[in-house]
Amino acid sequence: MHDPAPVLSLRDVVAALEALYPLESAADWDRVGLVAGDLDQPVRRILFALDPTLAVIDEAREWGADLLVTHHPLLLRGVHSVATSSAKGASVTALVQGGVALWVGHTNADVADPGVSTVLADALGLTDQRPLSVEGSRAAGRVGELVAAVSLAEFADTVAAALPDTAGGIRVSGDPEGLVRTVAVMGGSGDDRFDDVRASGADVYVTADLRHHPVLEAREEARGGRPYLVDAGHWATESLWLTSGRDRLLSALGEAPGATRVETRVSTIRTEPWTFVVGANAERADRAAPEPGGVS
Amino acid sequence: MHDPAPVLSLRDVVAALEALYPLESAADWDRVGLVAGDLDQPVRRILFALDPTLAVIDEAREWGADLLVTHHPLLLRGVHSVATSSAKGASVTALVQGGVALWVGHTNADVADPGVSTVLADALGLTDQRPLSVEGSRAAGRVGELVAAVSLAEFADTVAAALPDTAGGIRVSGDPEGLVRTVAVMGGSGDDRFDDVRASGADVYVTADLRHHPVLEAREEARGGRPYLVDAGHWATESLWLTSGRDRLLSALGEAPGATRVETRVSTIRTEPWTFVVGANAERADRAAPEPGGVS
Amino acid sequence: MHDPAPVLSLRDVVAALEALYPLESAADWDRVGLVAGDLDQPVRRILFALDPTLAVIDEAREWGADLLVTHHPLLLRGVHSVATSSAKGASVTALVQGGVALWVGHTNADVADPGVSTVLADALGLTDQRPLSVEGSRAAGRVGELVAAVSLAEFADTVAAALPDTAGGIRVSGDPEGLVRTVAVMGGSGDDRFDDVRASGADVYVTADLRHHPVLEAREEARGGRPYLVDAGHWATESLWLTSGRDRLLSALGEAPGATRVETRVSTIRTEPWTFVVGANAERADRAAPEPGGVS
Amino acid sequence: MHDPAPVLSLRDVVAALEALYPLESAADWDRVGLVAGDLDQPVRRILFALDPTLAVIDEAREWGADLLVTHHPLLLRGVHSVATSSAKGASVTALVQGGVALWVGHTNADVADPGVSTVLADALGLTDQRPLSVEGSRAAGRVGELVAAVSLAEFADTVAAALPDTAGGIRVSGDPEGLVRTVAVMGGSGDDRFDDVRASGADVYVTADLRHHPVLEAREEARGGRPYLVDAGHWATESLWLTSGRDRLLSALGEAPGATRVETRVSTIRTEPWTFVVGANAERADRAAPEPGGVS
Amino acid sequence: MHDPAPVLSLRDVVAALEALYPLESAADWDRVGLVAGDLDQPVRRILFALDPTLAVIDEAREWGADLLVTHHPLLLRGVHSVATSSAKGASVTALVQGGVALWVGHTNADVADPGVSTVLADALGLTDQRPLSVEGSRAAGRVGELVAAVSLAEFADTVAAALPDTAGGIRVSGDPEGLVRTVAVMGGSGDDRFDDVRASGADVYVTADLRHHPVLEAREEARGGRPYLVDAGHWATESLWLTSGRDRLLSALGEAPGATRVETRVSTIRTEPWTFVVGANAERADRAAPEPGGVS
Amino acid sequence: MHDPAPVLSLRDVVAALEALYPLESAADWDRVGLVAGDLDQPVRRILFALDPTLAVIDEAREWGADLLVTHHPLLLRGVHSVATSSAKGASVTALVQGGVALWVGHTNADVADPGVSTVLADALGLTDQRPLSVEGSRAAGRVGELVAAVSLAEFADTVAAALPDTAGGIRVSGDPEGLVRTVAVMGGSGDDRFDDVRASGADVYVTADLRHHPVLEAREEARGGRPYLVDAGHWATESLWLTSGRDRLLSALGEAPGATRVETRVSTIRTEPWTFVVGANAERADRAAPEPGGVS
């Protein structure tokens, strides 16, 4: 391959990424930016993935990536060892041994525009978008309108069509016949945002990682009505962003299609942890025949 | 109905419940025991349910229950108002207006023997049971052995058969062909127990409310192997306890079948919040054809 | 009684109260607003009292009040149970069973104008009033001038005449002959405000709930001189506000005397806890004859 | 005065005091022991007082005391300056300039036997005494029995007779005709001990510095009945200890009456801060004629 | 001595000092201003010293000083006793007994201009000075330029010549031949300021109290290069300020040389704690001949 | 080289190290044990050094070490990145790239016997050794006796002779003629141990990293007398331990001199950060001629 254009350095690529997703816009508790690598190393191949798992790092090494860009941090909690006995240590060691740099765009990518939640809102076809909540200069989540009101069941099918397939599927709470038009979305885990959702007037809230107690309390507060809830999976709701991030980076680097300086790929590994589901959508006889608790 | 036996007071019933599930055995952060009612009020009908939702309280009032026994606390966080504008306030008001007392057995029921996790372990047919972890005098979760090793796929079917049906179903992470014999269980949410699970040598861990990050980190730590994970639903894994609690209370009160002092019922309302699931078990083409990220 | 006017709802009355005493103006630690009741219930009778004691709630139920308005919160600390075994639980239960709503105006009533401290300052005839201290947008306490300087003994008599009688009476620290003209007041407990009082230049400070150590330190800092101190009782210094609050509410509701929509009453129950005092104002022979500690 | 006996040093006297009231038995937050002075200075005159006020320090200097022993700490909060602009600084400066050492026995004197609460319990004639509460090795307060049950009014007179006279007098909450026999006492401020008082089964609790909210909550919890409350004044309930401390010290020093090494005195200054009371025991017309809140 | 001018009071002198070094400009954790003395006492002699040690206080008493002005606080941590058993108590007692007031100018003197760091920067001949860091309104440390670049070894000699001699001498880390021109200085202890030093672009940093770990980490971060480090001693780097402070005070008091109201002296006691050093500048054979760790 | 013995794995060597210096005996805040490497990697060469600096890591790589054992942690504070832009990241990257494992024995080596402080005490010839302080099961520092009392100046020479030479030398505070016999030692930084030193009755305390304020306060508390202080340098006082640790490890591995499985070396790099000292031991004219502060 003859390549007269100068090779990009990691310094160049990181500068472009951090112009798109400034580190200062990340949440205080977050840990974003360059996690491994040397700013002077050349970058010819970049892999994008949601999570820096060992399998993803293997893919990067096998493909010959110089840089891995992920949404989720590898070292959100600081480490005191990189010995391979722990998964975190094995991951760091594999990156360094393979010469693969790692750059993370997490909450700084969430609040960007386009960012994780806007990409999700766009995929669902929401118009008239506005932030779900604003804290200081950071806008979290999106609220927007469907073109027309549809039933919750239809809306769930729309979500399924818009997102990549997963083993876990999409869990829905609410009346399948109930109509929805205003939609709130939050990529990843959002069960601490129900106050904002209620204040937004949304008919339905699409997010992930919803647990029993917060969800049940939200359903009680809704007295069984709106806002309905859709748990569309952490990986599925956020992975849409990867292509957006890749495209914006290439544009920022001035790479036209067919250019020869840097090659990119979105990982094909789905880091949703579920392998299969059994027994969903069981017929249930709620309140039909009370278990004869026993006259005793 | 002619009833020569003296009527039980709430004081009598609470004393029996707290002998079975002592309040002192609850976790420090938990809020268990009597939440509403007057110790001198008579108790003729007792309803058992996992969650004190508004629908459950309605069922209690409609049936004429004097006492509702639930596993989950109504007021885990203290309230400063019982006005009906909030769901918590509406619940308290409905209980008091309906004359329905409420007693909660939560982490004190978890650690009892038989308690929530032992009932679950028994339902899965585990033998040679021991605690998953012990903190002070409190034993959390159970570990035990299947009669024979089975594949993870077969085990998932066993779990589905042992638990009540739900809309959400059972999510599984791991090789469907992988064999499992040692099983760890923890009713309700257990994604903060992976260290204990690894230390226990379990092949598979059955619990609920598993979120992306803790699960993915546990799977990484397992390097894709054992322990596998089964998220069987918060409601499903804990609701088995209700019948056990009911039976033990009746026995403690000296109520033989056909006795006439107190009537009990296990609620038929499933407080799992999910209504339906779409798109689960999608065919996925992981790593088959890398999205042509674009040579650019 | 013919009454063509529409019945007020609790929603209407709460809206009027919170326009007069906005919830946002309460201190961070305070718990004000609606504590019991349903916004849709009708309100025909309103009782005003300083404390929501069980006796006050009985009075409300006996009189047929739909709403009790108090200055002191019932649930300043959150409760995890409303069982009648505790006084707080018994109070909540009595309110709900009696259909009596409860609304609290505490630190939001303190800082209103007219509010608790201004009503007290007015009752003492203070002119040229200004806040004792200002924190953010909250003005606490009042400082003002008597028409003419009087002796501390005369001033104490003025305070006694201006406030409702109590068993506990009014305790005074300072030279009875000392002259006072500038007066600081703080309804309720104010022994954490001595820095503000000194900065205000007040000759005497009227408040309540004064304890040995803070008072003695304040007297030491004053080197026995001004500012003098008057402990006029928590109930007495704050109860004057009840009539003001009642009148302002009626005015806000557009209720003219003789109107027929809502009936109000200020409770006659004095919730000062003291029943009687013995041995006050004993002759003391300070420093007259040193106890012969004993040449030993 | 010819004095062949060797002069005591401050070191000798402090050793004797700390054998009686070990510093280790003080509460963690407390600050007891030697506050000013040089261990090698001679001690010929010792003044005992409840509070180290400026007037008490003047008395010590005028009488020529070498050592002042007080119950209350001078420097409970650490000071960063002893400039005379503050009362604390002026007190330290006056002690040092006057050559008066200061030794404090506070919570270590509270828990001693005989200590502050036992001296108070003895003065009230309580028999069968036991601690009000025990935390670790520290016993706080006392509970005991009167020889015979008396009315609360009679008991209040007993208290008044047993304690030194004060301007503030003794405030009582409860039915004057109610009988009391079991008595809990806590010298100084005790409104954080109501749980212990209830657990003790006391009919009446004698302490001081009682404020509106804790007292009213305690009275509510008692549903208007027992335990009754008596606020007998911080100074009055604790000052009885001074003579006990003096006598025990002299005994420990081997000082017989008429001995010549050290002269002692209990201060005649009453450091209760109140000068006079007006308006106590007012006739009250509670609930007699409801203020015509106004039919409006 | 005939002195027609009125005698200055401590109040006058403190007012002048606090106009030069406002107390509000001190750090939150600092404790500055008047530590001992009476504002009404006359001041005829003022001693300046870096630390209020017992020897310095003796010097003040021997010379008849009415006021001691020091840079370091005597009571940075609050004291609960001034008994002479502790050094702090002995110091307070000696000040009060000797009638010597104490005033402290610490971080308020650091940030003044001229203040501690500017005096140090001036002594090193730095031009184009700017703050090392700015937090709110407080400017800490100074950065400036030497007239010409010199070797680190030459610079160390310059520092030694500019500062008073000490036993401890000046410790240097870096290549003796390396050139330096931009210099950062921070009087006293500055090993928590390396981030600011790096951001400033300084070639060398002069401060004191440098410990192994922070210094080694700073040297690692510098990869053995610039910024170099010079530990010139806490006492030496700060004591230069004393003359500046003295001169500014006299000027503020309107004292011309030869005036007669107040006499001043800078203490001759060097409160650097070191008495002597042995073994410095040893020849070292780093990496020359590896200790034969032993083929084993 | 013919070597029939099986090659040791990192697992073997770590097991031996942690039997000598159990991880559980480290302080809570400390971070010890394996920091980099794979337990299955072979270990043929081990380098011992006090600090894992970049130069030390280079030495390890150049020599072909498989394992670096250091006393000081590399990652005491957790890291969120190993990018080479920071020194910590560059160190981790260099270790991983070079295939050099890192094991740290810090506070677990301090409290071992023989450990850091005992090796230091032995080097000074101390007999009758006991711990300086004991907290739980951890014994910190050592106290022992010299064979005979010597002057402080002689003792400083003894320390200099016992420790490796450094640029910084040994700083001493106290009367050079004062006699010392009981000696307290604490390797590394010990200026938070003066209470223990005083309680131990030591005449002199040998440690390092002593700063102005703690030292001056300790000297004040000593009123200029004993205990004297010797700051012998952090690196010098701790580096003696390296040979001890090396020898114990070889013994534990059953390696006789001349054995062939593992080769060891103690690094020749002195990680004391100082390069040279100027101006120490200057003649000082303390108190000789007071600077004429100026009669003004």
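Just so it is clear, A, B, C, D, E and F label the chains in written order, and each chain counts residues from 1 on its own.
Assume contacts are C-beta pairs under 8 Å (C-beta built on N, C-alpha and C of every residue); 3 or more make two chains touch, one makes a residue touch a chain.
Chain by chain, the UniProt names read as follows: A, B, C, D, E, F = GTP cyclohydrolase 1 type 2 homolog.
Keep in mind that what you see is a predicted model, and the values were worked out from it rather than measured.
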Touching both subunit C and subunit D (chains): none
Proportion of interface numbers common to subunit E and subunit F (over half same, under half different): same
Which listed pair, A-B, C-D or B-C, duplicates the contacts of D-E in over half of its pairs: B-C
CA centroid of subunit D to CA centroid of subunit F, Å: 54
Averaged-CA centre spacing for the pair subunit E and subunit C, given as whole angstrom: 54
Shared-contact residues (touching 2 or more other chains) in subunit A: none
Chain-level touch network, classified as line, ring, star, complete or other: ring
Of all residues in subunit C, those that touch subunit B in their complex: 31, 33-39, 73, 75-85, 89, 92-93, 96-97, 101
Subunit F residues touching subunit E - in the complex, by the definition given at the top: 47-48, 51, 53-55, 59, 72, 86-87, 91, 153, 156-157, 160, 165-176, 188-189, 208-213, 215-217, 219-221, 223-224, 229, 231, 234-235, 246, 250, 255-260, 262-296
